[in-house]
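By written order: A, B, C and D. Residues from 1 in each chain.
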Amino acid sequence: MKKFGFIGLGIMGNAMALNLLKAGFDVTVWNRNPDKCTELVNQGAHQGKSPKEVATHCDVTFTIVSDPAAAMAICNGPEGVAAGIGDGRCYIDMSTVDDATSQSIATTIIEAGGRFLEAPVSGTKKPAEDGTLIILAAGDKSVYDEALPAFEVMGKMSPYLGEVGQGAKMKLVLNMVMGGMLSIFSEGLSLGLKADLDGQQILDILDAGAMANPMFKVKGPMLLDENYTTSFPLKHMQKDMRLAVDLGDKLNLTLPTAAIANESFKQARKAGAGDEDIAAIYKIIK
Amino acid sequence: MKKFGFIGLGIMGNAMALNLLKAGFDVTVWNRNPDKCTELVNQGAHQGKSPKEVATHCDVTFTIVSDPAAAMAICNGPEGVAAGIGDGRCYIDMSTVDDATSQSIATTIIEAGGRFLEAPVSGTKKPAEDGTLIILAAGDKSVYDEALPAFEVMGKMSPYLGEVGQGAKMKLVLNMVMGGMLSIFSEGLSLGLKADLDGQQILDILDAGAMANPMFKVKGPMLLDENYTTSFPLKHMQKDMRLAVDLGDKLNLTLPTAAIANESFKQARKAGAGDEDIAAIYKIIK
Amino acid sequence: MKKFGFIGLGIMGNAMALNLLKAGFDVTVWNRNPDKCTELVNQGAHQGKSPKEVATHCDVTFTIVSDPAAAMAICNGPEGVAAGIGDGRCYIDMSTVDDATSQSIATTIIEAGGRFLEAPVSGTKKPAEDGTLIILAAGDKSVYDEALPAFEVMGKMSPYLGEVGQGAKMKLVLNMVMGGMLSIFSEGLSLGLKADLDGQQILDILDAGAMANPMFKVKGPMLLDENYTTSFPLKHMQKDMRLAVDLGDKLNLTLPTAAIANESFKQARKAGAGDEDIAAIYKIIK
Amino acid sequence: MKKFGFIGLGIMGNAMALNLLKAGFDVTVWNRNPDKCTELVNQGAHQGKSPKEVATHCDVTFTIVSDPAAAMAICNGPEGVAAGIGDGRCYIDMSTVDDATSQSIATTIIEAGGRFLEAPVSGTKKPAEDGTLIILAAGDKSVYDEALPAFEVMGKMSPYLGEVGQGAKMKLVLNMVMGGMLSIFSEGLSLGLKADLDGQQILDILDAGAMANPMFKVKGPMLLDENYTTSFPLKHMQKDMRLAVDLGDKLNLTLPTAAIANESFKQARKAGAGDEDIAAIYKIIK
């Protein structure tokens, strides 16, 4: 049986590794704070001593950590993944990182004799637990093929998108659309309320029609309550909007709606809402 | 049993009246071109001689015609609804008209001794046939209460929104959100394609996530095929975007995303796409 | 010698009528509050008893009042200009009014047997005193020709722009450009200050280059001091921006920069700066 | 007498060096193609053998070349300026380069024992010939003080703006304001023409009022003639607009008017006008 490694046991990683175990896979885990390994070891996981050891021991090693710096730290150094990845073993970084970081990790792994796939995910805690993430895979197709049984356990969808970098680009497209939708949704709700329409009725009618979508269903009541409990921090959305507009610039494409929604997110960030939920864009519109 | 009148047997009206008949209501129909009455009469409808006669004969008369001028023509004149509406009988105009037209009809009907409700609908041919329209009712609440059994047959949802004018405002809010969503969707799809992502994969991934909605599902393949067969003419959407932005102006509300999406629709209209489907906004972005 | 009438002796009208007197013209004045006539009568003006009497007595009657309602009041009624304007005498309304008001006054004057010219001015108190206004004349060309000697005393420029309504449109174009320039100027100054450049240096450098203009010279120090003493109320500018964008809509023209500058003015108005100077747009950008 | 070096004798550099000579300074010139030195040598200049030799021989060496790569080539390598700059001699790069290039050259020069000032200029051929450039100096203040007599000959204004990088930032601010002004100017002219106003009258009236500026005076007739003969390539303006918007992003500042004017420039670039004059933004608006 194929041996899977799993590095990074935060909210996302813990749920994802648990799903692999429950599906009967052989899983070796590692986390910077080893306490987080306990629950998974109790469920049958092996515990690695370092990213290097996990990468040496396993056929395919998955990592999901919180930012580019952490992703680089897992890959590099004497105890890093690259130090153990030789002989064509597979490394899959599922963290959301920028293009340059992903390229850098890819190069390091390949130079060390390994094979690489980037696979950032769309979805948060609940889909991670339910195994319904959307996994945006890009890089070495042979790695994708070997990892597919694991992807099918962790996600409901794991399209292969092409060479390294395409996963990150797809995520930018998704987040840009999300940001624009949230901006026009906030404007529409504000307009309705100012026009003496009932907020709940607006949400109900939207939810019954051609524009009904899970995001409006979740964010709508948050807007009405002005509850901005963070699920996706506004400053991260704004950063992605900016990166998407800049990508459009490079590709000679005009994106006026995205550019102006970005300005609204920037204004919300300027008004102090950077660490609140993306829903806080509503603050500067209402 | 309550007697219902139904005036205007176009694609929408014919389907809606048929649903009333199938539900066992007593229905009297009228259409400018009387040939269109035949099918409904064969299904058990009575045929009126004029809008006036329908309004005299029925407890509640519904009308759905294509524009403000037609709606005014049905209401006014010696053979119009107002001439027959006395004794507190009910008139419900389901046409999509501007605020001034709706107010004018309301005043005429009330001065003639009738009671008035505006009830524009959201939804096109299929929901009309399936009885799953969204009916946006506003005006005299007692008319709403009397019409509710009929609304429940014609629509899946018929919220009462307040005084005359609120139905039209709710429609502006809905269309403004739709226009903004379509604009950011077009930009997102264009960005992805220029970045060498696969169009169908973009649509599939959007459809699997938090932004999944029936409109993207219908319009997405149209954008990929550059098929702009008209379901909702772009020039009408642009007009509604402008009216929504102007309403925001009156209410002291900034709507930057809507304002700029409006400019994109205007540019598409300027490029000759006014009579094509709203999806043709994609032309000037891709 | 031609007899000129002058109605409306506010800050602008008083200075303009005084220039006519100083140039040696025969001038008859009228003002709602007659006290304001005293100074001009001391300088040699005749005093009329009513707008009607002025219009009857003079070959050409000028009016400049503060808004459409006042302009209509001067024209209409038993003591209004129209009541005295017969026999092809000339009426020139120099107030800034909307298109509909101007058309209505034009119709009234012509039906009363007079001839009409609209001539809104660009410029405030100082140019009025210095005789350096820009006079935007439109309507009956024969009136323009008769009034030209007076225009040359009151203004430095008085182009004839075509039929009634073209003067108002030219003013919209000017104000739209002014609003856009002020918006980008505010953004540029804010960007420089945030980037630790010196505000006065930014103004000095702008003033030395290809973009140097009197407006930046006046408004620049106001922005640096955050002094928004009203010279042109922001809410009026915002109204003109909206009218300009709506005119673009009617003419099938996209105006994205104007549309978004309008949103910034709206946001400033929403933030309570409607009665402050147009410079207060800076508040919501800095 | 202080010895000045001048490297780069294109249209700008030739005119600037000539002005130094005419003012009686001791000037040593160098150009990659030595033929361009002839005229200046005939006017009394010395001819250097390499950038290194010029930098060794002169107290202050000026360079103005066309892009970052050329600026780096002049500075680096065995025959570059840095190889000859020791003993605290001064180097002033007047090329328009990005921040990173300027920082890199500064570091190289300082490590080589020299002193550095960046001094990009605002103005083109005519101001270079007339000695009326605007010189945006930033970096080592002692270099600025030594160079001031030369700056006063080459420019009409040479403010000292602070540390290295501030010159480039001031240029971004200026270009952002210029881009925004050109965008609203194009929109205003288009609106006027569509409203049947006369183009030349619009220009004349703008030129008589508070918005009168040299840029409108130059670009206005170009727009009316749709003559886009390149003076400042549109693609460079668009790049600067993007950099300015990105700088705003870094500094937590919303710049909606600049962001949307950038989209208009992008659209013009996409439509093939990248190498035409910035005035070609008018193409996609009219």
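Miscellaneous remarks
Throughout what follows, a contact is a pair of C-beta atoms (placed from the backbone, for glycine too) under 8 Å apart; a residue touches a chain by one contact, two chains touch by 3 or more.
All of these numbers come straight from a predicted model, not from anything done at the bench.
Between chain C and chain D, two chains of identical sequence, the interface residue sets overlap for the most part, with shared numbers making up over half of the total. Compared with chain D, the chain whose C-alpha mean position is the greatest distance off is B. Work out the mean CA point of chain C and of chain D, and you get 39 Å between them. Centre-to-centre separation between chain B and chain C, using Cα means, comes to 43 Å. Residues of chain A in contact with at least two other chains: 248, 252-256, 259-260, 263-264. Those residues of chain A lying in contact with chain D across their complex are 242, 246, 248-249, 252-256, 259-260, 262-264, 266-267, 269-270.
Contacts from chain C toward chain D in the complex involve residues 122-123, 134, 136, 156-157, 159, 161-162, 166, 169-170, 172-174, 176-181, 183-185, 187-192, 194-198, 201-202, 204-206, 208-215, 218, 244, 247-248, 251-261, 263-264, 285.
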